[in-house]
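Following this line, the structures themselves.
Paired with chain B in one complex and with chain C in the other, chain A is shared by the two complexes that follow.
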Partner chain A sequence: MHSFSYRANAVVTFAVTILAVMCGMASLSDNFNSPSPTADVKVLNINWFQKQPNGNDEVSLTLNISADLSSLFTWNTKQVFVFVAAEYGTPQNALNQVSLWDGIIQSKEHAKFWIHTTNKYRFTDQGNNLRGKDFNLTLHWHIMPKTGKMFADKIVMTGYSLPEEYR
Partner chain B sequence: MDRLETTCFRLGLSSGTTSLARDTTHLGFARVSSLRSAQMDWQGQKGAEIVMQIMLVVFAIAGLGIGYTIGSFPTMMLTYAGGVVLTALITVPNWPFFNRRPLKWLDPSEAERHPKPQVNVAAASKKKAPKHK
Partner chain C sequence: MGWVAQRMDSIPSSQIRRVLTQIVSLGVIVTSALIIWKGVTCVTGSESPVVVVLSGSMEPGFKRGDILFLQMNKDPIRAGEIVVFNVDGREIPIVHRVITVHERHGTGEVQILTKGDNNYDDDRVLYARGQLWLEQHHIMGRAVGFLPYLGWVTIIMTEKPIIKYLVIGALGLLIITSKE
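The block that comes next holds the complex of A and B.
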């Protein structure tokens, strides 16, 4: 600590090290949060259900997605990434997960929402296995922190199925 | 005198900063120019280090506590940043209160009266018993 620049360096280095520790503790504090999110997805309409020229089935749905994710937000939350995926099995693939819609929630105030929309991304199969297929719709979320660990979880909703015939 | 001073005395060292050390002790207050040119005395350096460590940790804990309690991450960051700036202002410049206990360096005229001991010829010293100085 014998000169101005030595002390300046010492202050800056120690301050940044302590900053790293503070960010670690802020991330640890997220573990004290016990979230209780709710979600519900309704398939309002099957708009069309076709076999594409390349041989793959494709379906277009209108969905009503409503959720209350406000309990996921903590002081260390930057945003929550949420998406809805259709999950089903085929003889070819044990598990298919097709993302139908996603969104970013940037504040707690916007975390209780409902949206009435067609699927944002195409619901296409690898093959033509969708006729009469039973599937789950899962709402996944990723809680993206300001610093530290990202938590991810989901709610599985079962009981959806596609028509037996193309329309 | 503490150990450092006695060691310097025995080695016959005098410091080139003698005149600067005198400047800051004989005056009741230090000139602003001495903030950059003089160095802190040893006790002051130790004090500056301790003050820096304690202040930074205290502001970190305060920032964490306030930020977590009111649920605002920017509050924590701003509190801590303010604390870092305050700590730098207090501990980095060479304030006069860090220079209250300067070392008394050996006066050059005194040093001449105590010449450095001569180093013995290498061959002769090898045969001497280790007990001899």
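The block that comes next holds the complex of A and C.
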């Protein structure tokens, strides 16, 4: 009853149980955080808008993205993955979501940011439906914790549209 | 080591009933583990509800050796979700983020493009030859939770199988020669 192996077994089991409980509580504490993020995306310029040889429309935009995501950070947050996607419908597709830009915020200090950029990923349609198309820009964030449950949410901004003609 | 010799001495004095009891207890333990595993598979809706991150393509969020908890339901896949998928012909599942979704009217079928956070290119180079999109049936689950570092045990067991045999051999020896 007092051998080395019994004692080692008891200590290790207790340590692992305590560790699991701490991870669970850390994750639960994230539920008490009520975040209030803000974001704004402006389309500064349509750089070009063409139909590619494969028949799909493609557009290049310059965006100004500003956001304040500092209220999303808790002590259990490792990083926040943020991305901007264009959302629109076409006769063929009920919903299209195309990521235009993404970034990783690793600390609360960097969570209030402002960036002026062209789209990091190609804005390509399945088909040639983009002329005159109205679309939404959504800013999504994905909170990746140090341990436990991951949370994700988004802000939808409406009212953007593409030109009627290629340019 | 004295305690190994002590344990080996106890074998000839075991009775048949004790051996049978040990075999049945072992069977009960293995079966309960299997029941719990299958129950978790059922509840989460995913065939493998826990996966280990094997590559650095999702750093700094997920590092090699982290464990991800998966869930799968009929909700359509949306951009931003971290999904685990198998490419036809490859057995190792890949954990990456969905960056583009095209969903058809009516049927609700989706065509998805994924990319690892730490990769420069999207995953088209990883898909099967000629495949441009992933579909819902390729996806094994969405990542909903995360624990760091715990997957290293699995990685070590897989990459250095000699350690796996040593551990199983030692456990087997302990079970056979224990007095309980």
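The rule is simple: the second predicted complex is superposed on the first by the 166 of 167 C-alpha atoms of A that agree within 3 Å, B and C clash if a C-alpha of one lies under 4 Å from a C-alpha of the other, contacts with A are read in each partner's own complex, and residues count from 1 in each chain.
What we mean here is this: contacts are C-beta pairs under 8 Å (C-beta built on N, C-alpha and C of every residue); 3 or more make two chains touch, one makes a residue touch a chain.
Just so we're clear, the structure is a prediction, and the values are computed from it rather than from any experiment.
Residue contacts after overlaying the shared chain place A:115 against neither chain B nor chain C.
When the two complexes are overlaid on their common chain A, residue A:29 makes contact with chain B while staying clear of chain C. In the superposition on chain A, contact of A:95 is made with chain C only, not with chain B.
Once the two complexes are overlaid on the shared chain, A:146 sits against chain B and chain C alike. By the document's definition of touching, neither partner reaches A:44: not chain B, not chain C.
In the overlay built on the shared chain, the residue A:156 is in contact with neither chain B nor chain C.
Residue contacts after overlaying the shared chain place A:10 against chain B, while chain C stays out of touching range.
Looking at the shared chain after the overlay, A:104 reaches chain C, while chain B stays out of its contact range. Comparing chain B with chain C, more residues of chain A are touched by C. Once the two complexes are overlaid on chain A, the chain A residues touched by chain B in the first and by chain C in the second are 146.
On the chain A side of its complex with chain B, the touching residues are 1-4, 7-8, 10-12, 14-15, 18-19, 21-22, 25-26, 29, 74-76, 146.
For chain C in complex with chain A, the residues that touch the partner chain are 60-62, 78-82, 97, 99-106, 108, 111, 117, 122, 143-148.
Residues of chain A that touch chain C in their complex: 23, 27, 78-79, 81, 83, 85, 92-99, 102, 104, 106, 121, 126, 140, 142, 144-150, 152, 154.
Here chain B touches chain A in the complex through residues 36, 39-40, 45-46, 48-49, 52-53, 56-57, 60, 63-64, 67-68, 71-73, 76, 80, 84, 87-88, 91-94, going by the rule given at the top.
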